[in-house]
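One chain, chain A, appears in both complexes that follow, with chain B as partner in the first and chain C in the second.
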Partner chain A sequence: MSDVFPKWTNQLPLKILIGAGLVGSAVVAGAWYYLTPKYARVGYQPLQPVAFSHAIHADQLGMDCRYCHNAVEKSWYSNIPAAGTCMNCHNQVLKDDPRLALVRESAASGKPIPWVQIHKVPDFVYFNHSVHVGRGISCVECHGPIHKMDEVRHAKELSMTFCLDCHRHPAAKIRPLDKVTQLDWKWSQDPKENERLQKLHGEKMVADWKVESLESCSACHR
Partner chain B sequence: MSAVISANSIPLPDPPAELVRQPLVLNQRPLGWISDRVAAVTEGPAPLWWKVSFGISFLVMLMCFSMIGYLISTGVGVWGNRHPVMWAWDIVNFVWWIGIGHAGTLISAILFLLRQRWRTSINRAAEAMTIFAVMCAMIFPLIHVGRVWFAWWLFPIPNANSVWPQFRSPLMWDVFAVSTYFTVSTLFWYVGLLPDLATMRDRAKTKLRKILYGLFALGWTGSNRHWNNYEKAYLILAGLSTPLVLSVHSIVSLDFSVSQLPGWHTTIFPPYFVAGAIFSGFGMVLTLLIPLRAVCKLEEVITMRHIDLMCKVTLATGSIVGYAYGMEFFIAWYSGNPYERFCFVNRAFGPYWWAYWAMISCNVLVPQLFWFKKIKRNLVIVFIISILVNIGMWFERFVIIATSLHRDFMPSNWGYYKPTFVDVCTYMGTFGLFFTCFLLFLRFVPMIAMSEVKGITPQADPHHPLGGAKGGPR
Partner chain C sequence: MRTFLAALALAVALVVGVLGFRGDLKRQPPLEIFPDMKRQMKLRPQATAAFFGDGRSSREFVPGTVARSTPLKVGDQLVYPFEDAPVNTGRLPGTTTNFIDAIPLPVTEEFMARGQQRFEINCLPCHGPLADGKGVTSKFGLAIVGNLHDKRIVTMPDGEIFNTITHGKNLMQGYGANVAVPDRWAVVAYLRALQRSRLGTLDEVPAEKRAGLK
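Presenting the complex of A and B:
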């Protein structure tokens, strides 16, 4: 036996065990971080054909989300406005600005601006905007503080966990219907008071509006 | 032949012939002979029979893998599973292979705890059979899920979907039962192998063999402390494996009995499945060991007494299975449930009548021949019966699964299942996998637990006239 295995090999099993433990933990930790939507999606910020700023329009000018995304309350799909909507103002404002050339061209020709889609659920998931907006779930819950973004980025992970967190505890997110598009609205500026009021009103709204927040598989995977 | 040799110094009369224990190693073979004879199977150039059977098994295994590749790349539609028979050969084969595995654990664990000394000649090969059978079994649930790349969802792993497997489903319990069974069986087998691997290491002529056997022997020296720890570990693992013999197939049976389908929804299933599993397992052990003891020249270690005892277990479990079949019919009538009644009449006289009667003849009628000593001593007949037992047990699972599913409550929902060539070739292919593994086992690991067999010889007993340092043939 001793002629085959030198003495130092006695330590080998322990070293291999420790090494395998470390590598295993690293693989788990790496997969946990890099392969989940927290990493893979959040922060996605593609370059758009027109440098449209939500911060200027929604925050500084105080436009309502529904001025442009006007079908969001009626449709499963929150529409991207046609260039004609832009031209309502921009035929007066910045009407010769070269940054808006593509918008004017699109409005004239009817050929849509090739916006790059950022928020996208997989094909096997059914998501309905109108039912969420119509039951007091604000845009900000899924899209993050869009009104502060010059260029839109993917702010929330939109994983299944993300959906289920809210579907399991809707009272923590629900808000009055007229505040749905006021992205930085709060019950109170005091965080503790805000939490108390959210809990108080949230549960009542969930009950009054008969919010189902379905958890069955076929609610989303139809 | 008389086994008792009175020591010359002790004037005791010979006990009457009927009280003499049949020896478990014939011809008072010395300990060295046991090592030489068992290790000889793994040493020297591979014999022709091994090469031929390995070549065939390997090709058949490749066929299995290509069928699985075809299935995965194309989809489960390549199988014959169609509404209403959505579980078919895949689950039949799974249950069949898992059942075969049970003999190994029964022999190694339960017979160990019951101090059945005859287990030592057959436990190693039976445990290897268990492990390879469970491997073949695990393939089927894995590939029948369709999208195999999601098979890891079977395990409760935290994920970004915030959902867990359905813990209330017996299919989930199955995952735990089978994977625990595989792990414990492998550990038990390996722990039992340690002293023999050290023997192999010490016998090794080439450096490579020394290194490999040395690695797997984990530095076994045969010291008192090693033996002490080893015996404890072996006993603990035997204790852990014993409930598994009963639990695994009970849980497999719950896959069916927890559902509400007539023909599946019965409380008799767990014990009935366990008995059937042990029955088929012993059938397979006989199928393997009868030719092996001849080609490996091990007739003196795996004796006719071993064959006889295995035949008795087969007879006992086969009779339990026969009783269960009868009881199913009785309850179908006694329950007064028309669906239950229809299901069983349909089993015996419906479109699958041939499967039912194949099952009855192979599982209930044929093993009854083991009541006769003459038959148990005729190895050709025992071998044929052991194969019939396995055919019968395959049909049992087919009958339970396919005939219960194909005609349920609504006649508009009825159908008839036919396998495709992919079904057949995948099933046949698993034999290739099984025998490839088993033949490799024969060539690289002592197929009989040498150290344990030595432990039950008279020479190992210090109180025996031949034992200890008192001399006797060496």
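Presenting the complex of A and C:
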């Protein structure tokens, strides 16, 4: 009597099991790695209609963020300045430069420059700039080192856990109000000492300013 | 089994090859696989809106209307931003040149600190931290920036300085749209302090603080 199944089939169940395990692991690993804002958003760096460099304006020239984003302390969103704000200097600096043609045209006609928005939370998230900036949360915490970027890049994931991490431990990020727009600022150049001072002063600021650790859904969603 | 492992490795390599790594430069906007209600029909500020003729979601004021506003307390009066009042224009009502001599708001230490902060945000790039016209922009082609310690400006009425901040003068553009009315007065107050720092004499410094000066 010949074999109904050849001998190699003895190993088949084991092989199928191992194979399924490998494929399953690969799919889970891929989903873990790719299906997250850490992959989807970080690194987004669209081409802008005007090659405006934050590195030149904010770092090299030392301009304050609020020279252009002048309503950020009062408004829930951080405004893009009108082209007129650019023209305060560029009516004299690089006055005929072709790279600024769109800015001049916009200032003259009122037609907006089609800047591409980079940091975009979902429409059901009600993030308020003024309340964060007004309670010692620096621009750098969510936007990364903007003052070093020639082209703005989405540097942090801005996922829900990103928000919650800070909402649970605001003392780890909070800083004095006059240092909010100084993105390079640290308590100390020594990382250990910086951490110690951050903890020391952070907890005091959280207590003094009555900073709430809001974790309820309606803090951000409504 | 070997073929299977090779195929799996190839598939992984293909996925990594196409999707890349976290943080790679991406020119295309993030893909939202499950849109849920992430992008809604409502208008976001400074966005595009096909509904309006000019395509903008942020609207300009309809001519003849007045924005909702909070009045400013001047003395015991409440002044709205649309009123022709000295605090809003820097001049006596109904005139074009009669600038007021003094800041119409109470000058407190807090007011002065605010003035310094607003000065350093808005004025410092061109006029410099000391208001002597030597800001960072002088290296980039802004050649004729006013030195605010000039006699002409020291003797100028407060209202006229306020008016210049609001509407600009010569090559300087107006900052009325960027700096609120009380902040503009605070900047005037801080500028006066800067001017005083150069005009004062040693006798005016309190005795206990003189040692710190040379």
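Definition applied: the second predicted complex is superposed on the first by the 218 of 222 C-alpha atoms of A that agree within 3 Å, B and C clash if a C-alpha of one lies under 4 Å from a C-alpha of the other, contacts with A are read in each partner's own complex, and residues count from 1 in each chain.
In this section, a contact is a pair of C-beta atoms (placed from the backbone, for glycine too) under 8 Å apart; a residue touches a chain by one contact, two chains touch by 3 or more.
Here the structure is a predicted model, which is why all the values come from computation and not from measurement.
Peer 1: Report for A:Thr85: first if it touches chain B alone, second if chain C alone, otherwise both or neither.
Peer 2: second
Peer 1: Looking at A:Pro37, would you say it contacts chain B, chain C, both, or neither? Reply first, second, both or neither.
Peer 2: both
Peer 1: On chain A, which partner touches more residues: chain B or chain C?
Peer 2: The larger set of chain A residues in touch belongs to C.
Peer 1: Of the partners chain B and chain C, which touch A:Asp165 in the superposed model: first, second, both, neither?
Peer 2: First partner only, chain B.
Peer 1: Between chain B (first) and chain C (second), which, if any, makes contact with A:Ser216: first, second, both or neither?
Peer 2: Touch partners of A:Ser216: none, neither chain B nor chain C.
Peer 1: Taking the superposition as given, does A:Phe5 touch the first partner, chain B, the second, chain C, both, or neither?
Peer 2: After superposition on chain A, A:Phe5 lies in contact with chain B alone.
Peer 1: Between chain B (first) and chain C (second), which does A:Ser109 come into contact with in this model arrangement: first, second, both, or neither?
Peer 2: The answer is neither, since A:Ser109 touches no partner chain.
Peer 1: Using the superposition described at the top, list the residues of chain A that contact chain B and also contact chain C.
Peer 2: 37
Peer 1: Quick one: in the complex, what on chain C touches chain A?
Peer 2: 1, 4-5, 8, 11-12, 15, 19, 22-33, 36-40, 42, 44-48, 54, 56, 117, 120-122, 125-126, 136-137, 140-143, 171-173, 175, 177-179
Peer 1: Which residues, counting only chain A, touch chain B once they are in their complex?
Peer 2: 1, 3-5, 10, 36-37, 157, 159-161, 164-165
Peer 1: What does chain B use to touch chain A in their complex?
Peer 2: 160-163, 201-202, 207, 210-211, 214, 219, 221
Peer 1: Please name which positions on chain A make contact with chain C in the complex.
Peer 2: 15, 19, 22-23, 26, 30, 33-35, 37-47, 61-64, 66-67, 70, 77, 79-80, 82, 84-85, 87-89, 91-95, 111-112, 114, 117, 122-124, 153-154, 178
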